[in-house]
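In what follows, subunit A forms one complex with subunit B and a second complex with subunit C.
== the complex of A and B ==
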């Protein structure tokens, strides 16, 4: 799509710039929440976890204000074509970001419980790496949004596979730890929820990247992707439980 | 149980009513319409949009040879209705205009009674055999013009005494009294208030069941509301022509996008 000129009504441009600035601010807060929650888990930092929990209110407030602004632009400016897609994509993206904020907050809550227990192998650093990957994907998705870069957005969508695979690997590890020692079960259940939360965040980032494709082209990304998270469908992903019986 | 269309705009493809090929219009040396190809469907509302001077009204007026009345105006190319060339020498423009009715920007009722405004066309075209026939045509036209209930008790009152919105619906009723097949509307609502505009738009949507309606409008929201097909004209070119839903959500041409989103084109 060629670069569009400014609107004749400059206040319309200011409205659209305003909601896009807000979504970027929201994205920045969510990036921080993801990293801080994973870091608090790895470093067993209760204060940092508490900070993540408190900061979620700011993300929620931004979502609410964005939705109000978007509704106002629709009512007053009757946006069409790419303008309409900006407003629609911002509304959807704010919902994704808000959920990501909630998931980070949930990780921080579980960190508060996990610091009371013994660490489980090297899973916390693995979770942090996974969170780091999701955070980078989010950063790229937001960059793709601002630069209207469809190729970068497609790349982000592709990278969600890696996150799904990291989740599969962790899922197996947790099962192994639980089988080894039932006393690990409580911690592993919490850690598994954390892994699942990060995996879900990857899906939300994918959805944001899809909005970028929609915004730039007016279409949804071409093909439905095959899910790489197969833990819910494949029984043989679990460690071989009959091994001893062979 | 059948699946309803997502929006009412998902209309079925209709037969081609008007076919225009390589249409050029010159006003003296000015090239006002450049090489326009356009197929207008039957039982469909087609909107022509574009900035002032883009040629949309000129092109509309080609469809019932209203440009014949302008001395310096020259029309080239082919325009056919139901496959018949309307610029053929054997075609009588007056008969053509009975078949292709027109409604103008400003309501222009004749300085006659409401009854005579409607009866005028059927009378000169000999469509009524008796007074009873004529009465029936007048009532039917006023009903289809969605103004019958407002004027039925005062058919002898002058048409010019009605409100602007009523006058415009009277003019639409007058245009459909000769049983046209195509109705051309050149900014029919620009002199009307929002309520009268809504009434006329509702009427246009009802007329779609029987006619091919072509409307020129400066209000893009109106084009979006009433039409199934939209054509965007710019500097005498037909830039983009397609389903209204597509034109207003994801136009192909950047000039269309600039125009409908209110950017400097």
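== the complex of A and C ==
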């Protein structure tokens, strides 16, 4: 490798390290947002919910600066095809994280409304467990990215089935509460959206893990995963329909 | 400009034209998907719904080939900062279109379930009108992109308020149907998701229009637009909460 080439390569590596540090920081903020939003719902803590809503601005700002930095690196370093693939993956991952931040913020907003209503059964602890699962998946997906650990990434993808299952169970529970007493409908609609938000966060983590598999193996994610639940043909519920378009 | 530079510039322009043609084709398919999904719901046409579900694969394939082509162009042509901005915008727009395709497919899936239930009031025609509005917005946003017409793009952004308003009205209507008769709950949940999907499609079109404003003026979209509806503080409804995280 000529001296000039080497110089360019290491400059790219330095830039990439900077971008990756930003992704990890963003990931940390999103992990906190997930857990705090679920906790604020369970403990009916309006102040904590308000904090989550305020903190989302920092996540958005990180995504913006990360995208600008990535565009700068592409323009300046004219990376090779495989380096370019890394930069584009990081941009996609930051979009996933940014959306997860929005979803946490949305949960916190709904918490602000729900604390004014009667609690519905034991649904808040179930939602917190579901959020905890997604947070752990995110932690592992980011570790898998930094370590380029394909097995760990595949494990994360697999675990999203549990999250889907938890969502399906909760969906049915909300329906029964609504049928039991129409006065529960409004609260249940909010709780259902919260469950759906967490389930969508699981999909975003899965997408991050799929990027890792792609980067380490060059293999594109398989055809859409089999749904953990088969209720699309169940005319009454069909909750897994919520999986599209997230 | 040296002859070599000129040669590179026109090669980039040719590449960009190819990418733009793909975006327009993708836009055409998404426009059709939006209208067909809404029509299949109104006319309870299961075959048309099935067609929308099948056609989504073509939209996904276009996004993939567009992203590959964009990455190839960036790597090969090492575009200037402003040309790079165009390519990155097109990639973002294709992500918006792909998601709109998914949302149409989701509407078509729910149609397959809803035809087995009793129709709920006059909600299907309302949903079709809402979908029609979003389809026209998309058409204009794509025209605005090709013509670099900032005024038209701003107009599209403005019209998203009407879509939000239509959604809010429908949300309240579904709630009253559910409160009136709990047997309506399941159908109303599906119809509500359909309304929400259309509302989210409006947000994606807005995001495309904002890209156009950014490309023509270099101006980033303003702070999050004012919500057309202020019910966040309304403990009973708060439908505009659904705006985050889409």
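Side notes on the structure shown:
Just so it is clear, the second predicted complex is superposed on the first by the 216 of 246 C-alpha atoms of A that agree within 3 Å, B and C clash if a C-alpha of one lies under 4 Å from a C-alpha of the other, contacts with A are read in each partner's own complex, and residues count from 1 in each chain.
Following the convention adopted for this analysis, a contact is a pair of C-beta atoms (placed from the backbone, for glycine too) under 8 Å apart; a residue touches a chain by one contact, two chains touch by 3 or more.
What you are looking at is a predicted structure, and each value in this text was computed from that prediction instead of being measured.
Judged by the touch definition given at the top, the superposed model places A:118 against neither subunit B nor subunit C. In the superposed model, A:71 makes contact with subunit C only, not with subunit B. By the touch criterion defined above, A:81 reaches both subunit B and subunit C. In the superposed model, A:185 lies in contact with subunit C only, and not with subunit B.
In the superposition on chain A, contact of A:103 is made with subunit C only, not with subunit B.
Which of subunit B and subunit C touches more residues of subunit A is settled by the count: it is C.
Within the superposed three-chain model, A:12 lies in touch with subunit B and out of touch with subunit C [touch as defined at top]. Residues 78-81, 84-85 of subunit A contact both subunit B in one complex and subunit C in the other. Contact residues of subunit B toward subunit A in the complex are 220-221, 224, 248-251, 254, 257-258, 260-264. Contacts from subunit C toward subunit A in the complex involve residues 67, 71, 74-75, 78-81, 84-85, 88, 95, 99, 102-103, 105-106, 109-110, 113, 116-117, 175, 178-179, 182, 185-186, 189-190, 193, 197, 200, 232, 235-238, 241-242, 244-246. Within the complex, the subunit A residues that touch subunit B are 1-2, 4-9, 12, 78-85, 218-219.
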